[in-house]
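Next come two complexes, and both contain chain A; in the first it sits with chain B, in the second with chain C.
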Partner chain A sequence: MENFKNKPLIKKLGFNRIILCGVLILMYFVFSLFSGRMLGSGDIKNALNMADYLGFLALGVTFVIATGGIDFSIGPVMVCAGLIAGRLLVTFGWPLWIALIMCVVVGCLFGVLNGILVAYMGLPSFISSMASMMLAKGVGSVFTHVQNSNWPASGEANSWYKYFVTYNGIPTGLIFLLVVAVLCTIILNKTKIGRYILCIGSNREAVRLSGVDTRKWEALAYIICGTLAGIGAITYVGVITQVQPGLGDEFNNNAIASCVMGGTSMAGGVASIGGTFIGVLIISLLRVGIQAMGFRPDYQYIITGIIVALAVFADIRSSARKK
Partner chain B sequence: MFEQGARWHAYYRDDDPAYRRRMLDELCMLEPDDGANAFRLWLYKARYEDAARPGQPVDRFLFQCVNFVQLYGTARIFRRSAAKEVRESLALMGFGRLAEFGGAGERALYWELRNAVARYFRTCESPGYRRGVFGLVGAGESRGAHVCRDAWEMSLGLARRTRLEDEMALWNRAVTDGYAVLDPQAAERFAALDRKMSEKR
Partner chain C sequence: MGEVILTMKGIDKSFPGVHALDHVDLEVRRGEVHALMGENGAGKSTLMKVLTGIYTKDSGTITYEGKEVEFHNPKEAQEAGIVIVHQELNMMNHLTVAQNIFIGREFMKGILIDDAKMNEEARKLFRQLGIDIDPAEKMGNLTVGKQQMCEIAKAISHEAKVIIFDEPSAALTEAEIEELFKIIRDLRDKQLGIVYISHRMDEIKVITDRVTVMRDGGYVGTLITADCTKSDIINMMVGRVIYEEPKTHSMVAPDAPVVLKVEHLNAGKMVKDVSFELHKGEILGFSGLMGAGRTETARAVFGADRKESGDIYVNGKKVEINSPEDAVKCGIGYLSEDRKRYGIVVGKSVAENSTMASLLDFVSGLFIDKKKEVEVTQKYIDRLKTKTPGVDQLVVNLSGGNQQKVVIAKWLVKNCDILIFDEPTRGIDVGAKSEIYHLMNELAAEGKSIIMISSEMPEILRMSDRIVVMCEGRKTAEIDIAEATQEKIMHAATLR
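This part shows the complex of A and B:
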């Protein structure tokens, strides 16, 4: 095993990521075996649909976790953006393209709010993101008068937004997500933004004394996270069509689990976009697999909860082992 | 090899940029010039002044400490660009001017780096350093091990990963010497980590 781990290609790709890919393939066969049928294109399509919007949330929260913080508001923010933009589109008759931009704007505004609360007002991210989670749920409900937001279904006028998820059988959502993931990798590893975000997670005081405006860069991590939640809302409405107020909490756990599973350290300073991407695919396949095995979707919450606890435990253990 | 007079030693022990500037000016006048005073003045400016941020207090050498820890991680996938960035950082810290000033210049640079590294290790005592899960759990007793890992990653680890052992030799020495004086077990802890990481290679 040590020899395998020390091969240059394996070291370059990252042993953990290869293990995650192995887990993904293994899960496919295990779910196929226990469900009594091979998971087919329909199951894969369902998994990819979920991966589309979950992926944007997970990519965004990776930036926040890299600073050593956390954002529990991403799921409700995504739903809130879908609710507000949906109502603007359907009830107020705004053009579709403006409604889609509004999804991103709403997400971005919540990111700005979180950034101000955490970076400039010094609130613990744990608390402030809980507050904005409630705020997002409330704003979404109030704006829609606790009514569902019904986006145009396939075949109806103004339904081209669904091309962000699938177009003539091509999983455009996955391609869209991949492009954004590559951009995030470049931002995190090759730009000043990413370097400062990671450095803040690694040693905030040293970065501050170096003359870097830590508050600005930390706030930017939350803004990126919120904006990606807003982009996630576009794919979310593309998949779901009917957005219900008050939802979204369950996506937080899934997104955070994807990040930690992918090798992003909860202590900050270490982040892997590639790992997060594979983590998202694992979580999405998990949900589809559980349903294929005949369990109710509720069981997915139990399993995801266990996975989050195990992933965080493994993160702490592996940090301790490195010492 | 890098012995200093008592007065210069006091200069390299201090943290405060403004006070160091006053000391530097005084020492340059009072102490006999070993041929590196011009380099010391250049190092001071290179470290504490940034043309892009005029008037703002900066410490560009301190930033390289935390930057090198991050570059160690980046270098796993982007080795060449990390090596390029390390070379640029070394040039920023005056490595490119060593030939002009000879042994005295090397001594001046070594102690300037030691000063920056010592400042970095002091920041590791701040409450925000490695806060733990969700920023809520204290790092507790593992803090010392974290600092050791940072020291190794920013020096030997990065040098090996980017294959810049020769170029980074002086930096590595400043970091390992600076870490070794932190506590009585520090040198031993660092050597043990280095052995462990070397075996992994």
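This part shows the complex of A and C:
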């Protein structure tokens, strides 16, 4: 076993990521067994739809968690972006492509706000992101006069935004997410941005004493996070079409759970985009699988809770043994 | 010695409640090693932090290469060629050695970081310095000594003209110190100006050209090292003469009972079949090179690390120690060598730290008895002569040596019968050191038993009643103080 773990390829992929993949596959068969039918393409499609927008949120929040911070505003920010851009499109008649760009802009602006609050003004990220979460919900409701934002349904004019999720049965959303995830991996592991973000999470004072402007890089983590939430909004509206104001909190928990399950440390300094990606797939499959088994979705919370605790525990144990 | 490269004149700096620097002067020349000395809390580190832009001075001037300068952050100082190796290690444990060394000035390939090149450069740097460390290793996996060497390598890798070493040797073994001195001599020959802060008198005589002495935030004077004796310097530092009597024979009564017996202890890779006995009122010295497994032995006895096998007897009774909690219940206290990581909670006050291990004794009803907490804390501040403006001062604001005293206070408050001191005087000035020695002797005379792990040979010979020597995880010798010599110990410490 130890030998196996130390093989260069295994080390590179990450042992616990491989385990997670195993868990994912196992879950699929367990659900198939207990729901009395193989989970078919319909279920898979549901799971992937959820994984799409959840994935962007989770990728983003991975950067923030890597600095040792947290962002509870991502879900509501995503919903808020969908609301605002939807109203611009439908009520104000803005072109679709500009509306989509607005999704990203709104997300990015919230990221900038969080970045300033945390990095430059020194607010604890827990508090500041709570504040911007409420702000996002409020702004979304006010802007739409507490109405749904109804994006064009498929088949109608201006519905090509749905191609970001599926196109002729091809799960373009998954491909989109995968491409962004690869980009995120490169940013996190290969560029200065990622390096400093991880460093800040590991030992902020050391980075500062090395003459690096920690505030700038920390703020950047929140901006990346917000922007990805904005991009997530594009797939969110693609899946959901009718956006309701006031929602979004539960996405936070699912996104953060995906991260942590994937091996990103809440204490900062250690993060894995690949882990986050698999975490997202697991959480989405869990949601769909539990429904397929005929339970109410509430049970998903219980099971997700247990799985997250187990995953983190396993991770802590394996890194403790290495010492 | 060449021309003057750096002059600090009339530097003044106050923190709330502390006048840390009071018109201090310092002059450094090219090609000299300049010692900066003074008791704990004298203001040495603060002066250097003012110089490198970490703190802003209240008044005074800094002239560097003929021009008046003021650095606003460490980066500006670095770019001008002034770098510092800090007293407290500042490492990112999750990153590799090379990534730590080149933080802030990564090698790039377009927009991507070139880790391979960084490893290569770090390897070159280490080879040039004669240090054996793998640049791709995670920093957190290295020993404190190795981490310190990395920090030194990092400072040197800058194109520096002035390098400040703030107690670089505190965590190093004798061999590593030799390496360090070789490196410093090289730098001096390249006409760099070097500031060297240390509490070890012997080192000052060996490596430095001039000494500037500070006392209580003030400037006392500057001497040529070759022209003065150790006691001259000590006199200037403390304003009194300190006399140390080395131990020649054991102070333990021959019939003193065994309070702690460890048999065939095995734990991890670093502790192999270690057995020893500790008598009542004894100071048992643990000597050996860094990495000999002394700390690991102590941690295993204390229950901080898991042991594979071995029995522990306290007062003749076999005990199961599986956690520090168990150990404390058996009356064992452990003072960690790495106070920043294990010893103190820096963001808490002196009082909170002092009572941390024995908080239950300070609870009356539901609440913590603040008055008693303050009283007891003050008692130990007085007894250890800890320099702090009050019991409420945050430990992070104390000087390194005074932080160490707070850790000692913590275990004294707990009133343990068996105390394990791991490098108890690391980073402590001569005055405070002799106070701590006195204290340890007093404790032993009161019937407490002490295990003292120390890498400083003079300390081992001065304090111990008996000496256990370890090498590569095994006990290689047990020597009574009456027969102990430096040679004997060194021989046992390098037995293969």
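Just so it is clear, the second predicted complex is superposed on the first by the 304 of 323 C-alpha atoms of A that agree within 3 Å, B and C clash if a C-alpha of one lies under 4 Å from a C-alpha of the other, contacts with A are read in each partner's own complex, and residues count from 1 in each chain.
Keep in mind that, in the parts below, a contact is a pair of C-beta atoms (placed from the backbone, for glycine too) under 8 Å apart; a residue touches a chain by one contact, two chains touch by 3 or more.
Note that the structure is a prediction, hence the values are computed from the model and not measured.
Enquirer: Give one word, clash or fit, describing how chain B and chain C relate on chain A after superposing.
Expert: Aligned through their shared chain, the two binders clash on chain A.
Enquirer: Going by the contact rule set out at the top, does A:Pro124 touch chain B (first), chain C (second), both, or neither?
Expert: first
Enquirer: Just checking: does A:Val270 make contact with chain B only, chain C only, both, or neither of them? Give me first, second, both or neither.
Expert: In the superposition, A:Val270 contacts both chain B and chain C.
Enquirer: Between chain B (first) and chain C (second), which does A:Gly294 come into contact with in this model arrangement: first, second, both, or neither?
Expert: In the superposition, A:Gly294 contacts neither chain B nor chain C.
Enquirer: Applying the touch criterion given at the start, work out whether A:Gly14 contacts chain B, chain C, both or neither, answering first, second, both or neither.
Expert: After superposition on chain A, A:Gly14 lies in contact with chain B alone.
Enquirer: Going by the touch definition up top, name the partner, chain B or chain C, that contacts more of chain A.
Expert: B
Enquirer: Counting only touches as set out at the top, which of chain B and chain C does A:Gly305 meet: first, second, both, neither?
Expert: neither
Enquirer: I'd like to know which partner A:Gly40 touches here: chain B for first, chain C for second, both or neither.
Expert: neither
Enquirer: Have a look at where A:Ile186 lands relative to chain B and chain C in the superposition and call it first, second, both or neither.
Expert: second
Enquirer: Identify which of the listed stretches of chain C (39-47, 57-65, 183-191 or 255-263) has C-alpha atoms clashing with chain B after the superposition.
Expert: 183-191
Enquirer: Identify the overlap between the chain B-contacting and the chain C-contacting residues of chain A.
Expert: Looking at chain A, the two contact sets intersect at 190, 195, 198-199, 202-203, 205-207, 209-212, 269-270.
Enquirer: Which bits of chain B are touching chain A when the two form their complex?
Expert: For chain B paired with chain A, touching residues are 50, 53, 56-60, 62-63, 65-67, 69-70, 73-74, 76-78, 81, 119-120, 123-124, 126, 128-136, 139, 142, 145-146, 148-150, 200-201.
Enquirer: So in the complex, which bits of chain A are touching chain C?
Expert: Touch list, chain A to chain C: 186, 190-192, 195, 198-199, 201-203, 205-212, 269-270.
Enquirer: Please name which positions on chain C make contact with chain A in the complex.
Expert: Residues of chain C touching chain A: 54, 73-76, 78-79, 86, 90-95, 99-100, 103-104, 106, 108, 111-113, 115.
Enquirer: Across the complex, what residues on chain A touch chain B?
Expert: For this pair, the touching residues of chain A are 6, 11-12, 14, 68-70, 124-126, 189-190, 195, 198-199, 202-207, 209-212, 266-270, 312, 315-316, 319-320, 322-323.
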